[in-house]
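First chain written, first letter: the chains are A, B, C, D, E, F, G and H, and each begins at residue 1.
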Amino acid sequence: MKQIFKRPKALVDVPFHFCPGCHHGIIHRLVAECIDRYKLRGSTIGVASVGCSVFLYDYMDVDVLEAPHGRAAAVATGVKRACPSNFVFTYQGDGDLAAIGTAEIVHAANRGEHITVVFVNNTVFGMTGGQMAPTTMEGQETTTTPFGREPGTNGYPIKMAEVMAELTGTTFVARVAVDNPKNLMRAKKVLRRAFETQIKGKGFSFVEFLSACPTNWKMSPERATRRIGEEMVPYFPLGIFKEDNASGV
Amino acid sequence: MAEIEFVKGNEAIAMGAIEAGCRFYFGYPITPQNDIPEYMSRHLPEVGGTFIQAESEIASINMMLGAGATGARAMTSSSSPGISLKQEGISYMCGSQIPGVIINMSRSGPGLGGISPSQGDYFQATRGGGHGDYRTIVLAPYSVQENYDLTMKAFDLADKYRNPVVVLGDALLGQMKEPLRRHKYRKKKGEKDWILTGAKGRSPRLLKSLYLSEGELTEHNWRLYRKYQRMKREIMYKVEFLEGAKLVVVAFGSVARILKSTVAMARDKGMKVGLFRPVTLYPFPYAALDKLSHKVRNFMAVELNTGQMVEDVKLAVGHKKNQVDFYGRPPGSIPSPDELLEEIKKVYNKRVKK
Amino acid sequence: MAKVKFREERCKGCGLCVMACPKGILRVSSRINRSGYPVAEVQDMEACTGCTFCAEMCPDVVITVFK
Amino acid sequence: MYFDCIIAGFGGQGVMVMGNILAYAAIREKKKVTYMPVYGVEMRGGTANCTVVVSDREIGSPIIQRPVCAIVMNLPSLEKFGPRVRKGGLLVVNASLVPEEEIRFRGLQTLSVPSRELALEVGNERLANMVVLGAAVQKSGVVHLRSLKKALYPALDRRYHKMIDMNMKAMDRGAQFVEKGR
Amino acid sequence: MAEIEFVKGNEAIAMGAIEAGCRFYFGYPITPQNDIPEYMSRHLPEVGGTFIQAESEIASINMMLGAGATGARAMTSSSSPGISLKQEGISYMCGSQIPGVIINMSRSGPGLGGISPSQGDYFQATRGGGHGDYRTIVLAPYSVQENYDLTMKAFDLADKYRNPVVVLGDALLGQMKEPLRRHKYRKKKGEKDWILTGAKGRSPRLLKSLYLSEGELTEHNWRLYRKYQRMKREIMYKVEFLEGAKLVVVAFGSVARILKSTVAMARDKGMKVGLFRPVTLYPFPYAALDKLSHKVRNFMAVELNTGQMVEDVKLAVGHKKNQVDFYGRPPGSIPSPDELLEEIKKVYNKRVKK
Amino acid sequence: MKQIFKRPKALVDVPFHFCPGCHHGIIHRLVAECIDRYKLRGSTIGVASVGCSVFLYDYMDVDVLEAPHGRAAAVATGVKRACPSNFVFTYQGDGDLAAIGTAEIVHAANRGEHITVVFVNNTVFGMTGGQMAPTTMEGQETTTTPFGREPGTNGYPIKMAEVMAELTGTTFVARVAVDNPKNLMRAKKVLRRAFETQIKGKGFSFVEFLSACPTNWKMSPERATRRIGEEMVPYFPLGIFKEDNASGV
Amino acid sequence: MYFDCIIAGFGGQGVMVMGNILAYAAIREKKKVTYMPVYGVEMRGGTANCTVVVSDREIGSPIIQRPVCAIVMNLPSLEKFGPRVRKGGLLVVNASLVPEEEIRFRGLQTLSVPSRELALEVGNERLANMVVLGAAVQKSGVVHLRSLKKALYPALDRRYHKMIDMNMKAMDRGAQFVEKGR
Amino acid sequence: MAKVKFREERCKGCGLCVMACPKGILRVSSRINRSGYPVAEVQDMEACTGCTFCAEMCPDVVITVFK
């Protein structure tokens, strides 16, 4: 019998600290698979952000730099400009990237930095206990929208992939989900394309992952995973929003 | 290279940086230091370097954090409000032990204030305006030549201690032009075995400031503290007219430069006044001043603010044992040598001639 | 013939593998591991097709698949 | 030897370049020099001034409250800096923009230069600043006129080097004005 | 209202704020103070107030600047790294004389550090981590009740001086629960004749910090300076066990709370140890400590950092005339009363029993 | 004879500090005209930003608050939330709004704050001496792009009006120019619509003005004014990008 | 009267609510109280503990190095806090998750509570923490069992008030276990 | 019949009014005002239509128009 599914090498063999059913674990593994696939273990510099994924460095068998909350895109700019032949990616949550880090991501994208951004949209600030994120859905209850997000006061859930695609400087922009095997397999392919964009020197690539946070959504992992398809995908449509040279996923 | 050039203070900083091997500059415009990014944008490409005008001061300091983490010599520059915005980043660089050079050609505060010279950022620079226990070496030039020399030195110190280094000038030192003698940079030895370059053929490296297990961060802080203590080796200061001085004026940077004239005038008038100029503001030359305080009883701090460095002077000489007077001129106007002479006279007459 | 293996001590009992299995042969048992989580298990290994869906969906990389 | 001087005028009158040329001239003569500009808020228009200090010895303050010399290119500058010139010092006035009757400072040497007229003589009214500078240097003797002219090379951007001849002529004209009184 | 509730430190702050008439809260989440925005988001609407979760700490402080300029009572809260980001805004508020209350439930630094209690932001709070000469009153509670009371007071002081006021707590004071006795807020009198409300029927008003004409900013800075001097009226401190003390321990906030036990233990053991707790960190109770230093020769500063407030103690009592020892425990672990007793013993044996 | 053009009352009768031919002066006047037109002199709170327009308060006969560089949108949020019945506008340059203030403007817009933003795009940092702005055109020489803006290093000129229109929270978004009488008359009407958006309580309004900076473009005022139509408009198209209820301008 | 206690276990075992209820009970009895929680990084799972101090007089430190009592709900907590209990102090152990053989601390009173079994008796294994708390209070006497039960009202969110009866039963069962040894 | 009036001391000689005038009757003179700027002037007031374009375009609000 042949082993047809195994842990990627670039994923250090330690347990994740994530909550049961948290999609961060899946997304971590997908990133590690890409590092394996493109043999980037020796040339990658990862930029970790502050959020539930702050321990990225404990899990990825590559050089990692910890960025201040929200600044991963600027930090990665410095890294990539200094080491243009290394593979540089950031891994950022929606609080990190779409709230405090808005200016940094918009301008790194607009400059067309040759980096790959893994953006995890779980509609909340996970690590800090489930406060509203810019991506929180209308009506969603969080610890800082106890009566549900009300657009009149809190604004609308921001669609980062669409904003990124609007900027001239971006090369590859997509949104994926890992809430079922089919979406997950598509996400894998999209992530590879994002990696290839950088590897081929084509510029800035951005993949938004819709991700479940069962803990702060106060749902069972199953319920949380289902919510993605039921509530998130209709508002945050999946797909490739921009790419240099199209070729079917 | 030994030719003498006539150079603006800001440009001397940029020249010193490039000569010292700085190949990455990240900055955001702000008066009165724009000659630095402007010079860098023109001359870095010539040496294969990279100039980036960032979207903000926060982005700049974080780009520098990124470049510094890979071992590159990198610099950012700004002026007071912009430096305030960099404080979180500086705290991170210290926590993660990533070197880099930060130029503050400070201007008037608080708030938008004005664009005239000021020394209102002394506390921020020497105590760390950001959060947590951290320190950066702070170098305070007082001439165009020192702008150049100390910037070069800043890069060596940053690498030596794996820590950001601040060069604290101000609008006066940035705008002033003086003859400058350039010289070749002699590279300090030393491999950087901590830098991020991709983990090819080695185990991965990690640069971070988060330490969560019990006691780990306490230990990390003590380790940093010991490093800051070691920085005392780098203490620099300059003295003038100390012979038989009855009153020692303590000042740094631009106001020290102005006082150079004042003290000479005072000596001409027969007043026994000396000048003590800290060149490293952190670490502060406490010991040297302390030693001096055994011979001289009267000190006077002069600053372009309402009183900041004077606290260090007091800590050094032990006020209540020695006299420490203060004259401050907060920003918005620059005191002339004559005006300062009047202030020194008042103190001299009160303390020495009494 | 296929086989799935669980690294039980890593399992958090989230049930995503259960959701993913097209054959419906997985479940979260009432067995508790050292970390205090109930662990997933196969009910009918024979029926496994080796589709790897369970492994792909497991956030904690608990599952390996053989065929 | 010690000399200091404030040069002031509207932005656009070229007071900064005057200060720079004077500084370069002094460097040629192996003097120590500092140059300190002060701008207003306006990018264009508004007022500007600079201070040049020249000395045999190391220079202390680059900022001078009471200069030995002031060169004022317009009325506001005269009003601001005229009273600050030291007793017995030199006040050089751009007579083309400052009415004669405004210049009444006691105990100063004053030199009124009809800069526009003289510059037009040389060929271009934009050379007014060079005329005034030539006159001021001739009168004060802080540097040789020769050095001042040579200083045009390092002081001016290469783009303007083709105008150096004209500038030299303007300086000469200013100096001549001092010598001959016209 | 006189009923006793059992309340988390963070919540007590939020309750105090609302009771004191705070109707605008702007903040960005950060551990360990999230209970504050969470409480505010739930309870401000009940009183017709507005809660905004801003996109960042910078946006928060600037929203507060905006609300404060209209005369509204407004608050922002954060923890160390977030407070670093607010420094530019605080400098602007001071420069423009706009009141507001800033809560720093500080955590471990430098950088990302950790989420445990820390006093590493003492310098930042008391010297102004931003640019220019400015000061904010800094209140340091050490119990849940004081969290509540001092937050209420902070609003009055902010309005009284038209200046931001900082409440400096830490993770311990934010997470701890204690019984709380709420009380009715008694509004301080006083019209705000400087606020922006639209210039209906009057000439326009302007709030700014830019002063460009010669000397204007100098004068503005002195005006602010005099205001900071006037703040000395607000100095608060608490003492315990001073009778016949041979060694006075100086500490604030959470570590002072822990030391309360320690000093009691020391007294039980017959050691003549007292406790001096500054409640206002700025203005620091220099005079009170100075006075004490005429009776007591030995002081010991204890802080959850590598040494910050100790400088103020030295400045107050004149070290070189008096002994000032220091024990620091940088963040990452919390010292227990027993551990601190050991440290105090060491100093006591060296200084007092020698 | 009747006076058919006069200085608006809301424009204080003092000379501007702007350089000769700077369009800031025109735009200031248009704002003042709207204040007059809608009788807002007694209820307006203006938020000045840092840039060449920092002295807004010297020119506008209304209450004004000075915001830190880039933060006007956040400051205005605080003002408007506290005084919902006042008219609140910001006046911001492209350095201020599109560089350092990116996060603040994006999120104020996304929250749909009831404020009016006057955005002056002159493709440079005017006040600080003509450095590159995010809006600087490709190839344009500035003091920090001495060899011309090169998208590979510096990215592309950012189209803020388009980015604003993309956000769900905005109500009225337009771009105008004042480089000739025709465009100027159109700009007036557009600005009125922006004012009306707020007055009618309809939400966030944003008007981008293409503006000449002769000094830093190193052009005569005439040449600079002509550049707007020749170079800027083709890249930054004029028009209304979004509005609540359309009605011909 | 002075009592302090550390309560520790996995996140999710309800140790924080135990501490809260104990604190409220003490308040009912007009005692001074402090409660201090410590969380791990993980949002769910991981470990958590809290410290409760009860006294007649004003309380100094809310943090205790060597508590009079520790209630440990799992093995890691036993290992961490067991050794820190003061000589003669009380160690309450959740026997359902901690093997008997691990509990070997000298000079302490130890109380092993088969919480899961007793909770199931009352009706729901999620009541294990209440069982242990009831037992600990009964054993230590820090507050009356009556106060502890009354404390459920203020300590629990209104949503859970319908479960108060169950909780009281569980506390009773724990206390009974101490009394009867089973 | 229309008339334009210049508030000369405010004029900066930028020439935008000149560009704007459909009648081409404006020019920047060689007269210098107190601030050192050459000032704009009308060459042929009779031809003015009172279209206000010059006034609208003047960045320094120098011009008023009567009709």
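The rule is simple: a residue touches a chain if its C-beta (ideal position, glycine included) is under 8 Å from a C-beta of that chain, and two chains touch if they have at least 3 such contacts.
Computed from a prediction, not measured in an experiment: that's the story for all the values here.
Asker: Would you kindly count the fewest steps from chain G to chain H, each step being a jump to a chain that touches the current one?
Answerer: Step count on the best path from chain G to chain H: 3.
Asker: Please identify which chain has its centre, taken as the mean of its CA atoms, farthest from the centre of chain B.
Answerer: It is C whose centre lies farthest from that of chain B.
Asker: Which chains touch each other through the most C-beta pairs?
Answerer: After counting contacts between each pair of chains, the winner is B-E.
Asker: Name the chain whose C-alpha centroid is most distant from the C-alpha centroid of chain F.
Answerer: So the farthest one, by centre of C-alpha atoms, is G.
Asker: Using CA atom averages as chain centres, what separation in Å is found between chain C and chain D?
Answerer: So the centre of chain C lies 87 Å away from the centre of chain D.
Asker: I'd like to verify one number: the distance from the centre of chain C to the centre of chain F, where each centre is the average of its C-alpha atoms, in whole angstrom.
Answerer: One centre to the other, that is 59 Å.
Asker: Suppose each chain is reduced to the average of its Cα coordinates; what separation in Å results between chain D and chain F?
Answerer: 41
Asker: By the touch rule stated above, which residues of chain B touch at least two different other chains?
Answerer: Answer for chain B, listing residues that touch two or more other chains: 50, 52, 55-56, 58, 81, 88, 92, 96, 111-112, 208-210, 212.
Asker: I need the residues of chain A touching at least two other chains; which ones are they?
Answerer: 18-20, 54, 66, 68, 99-100, 102-103, 106-107, 111, 127, 129, 134, 153-154 - these are the residues of chain A that touch more than one other chain.
Asker: If you look at chain D, which of its residues touch at least two other chains?
Answerer: Only 41, 45 qualify.
Asker: Inside the complex, what are the residues of chain H that reach chain D?
Answerer: Where chain H meets chain D, its residues are 12, 35-37.
Asker: Which bits of chain E are touching chain G when the two form their complex?
Answerer: Residue list for chain E touching chain G: 4, 6, 172, 175-179, 257-262, 264, 334, 336-339.
Asker: Can you tell me which positions in chain D touch chain B when the two form their complex?
Answerer: Touch list, chain D to chain B: 20, 23-24, 27, 32-38, 58-66, 154.
Asker: For chain A, which residues count as touching chain B in their complex?
Answerer: Touching chain B: residues 41-45, 47-48, 54, 57, 60-68, 71, 74-83, 86-87, 103-104, 106-107, 111 of chain A.
Asker: For chain E, which residues are in contact with chain F within the complex?
Answerer: Touching chain F: residues 24, 26, 50, 52, 54-56, 58-60, 62-72, 74, 88-89, 92, 96, 196-201, 204-210 of chain E.
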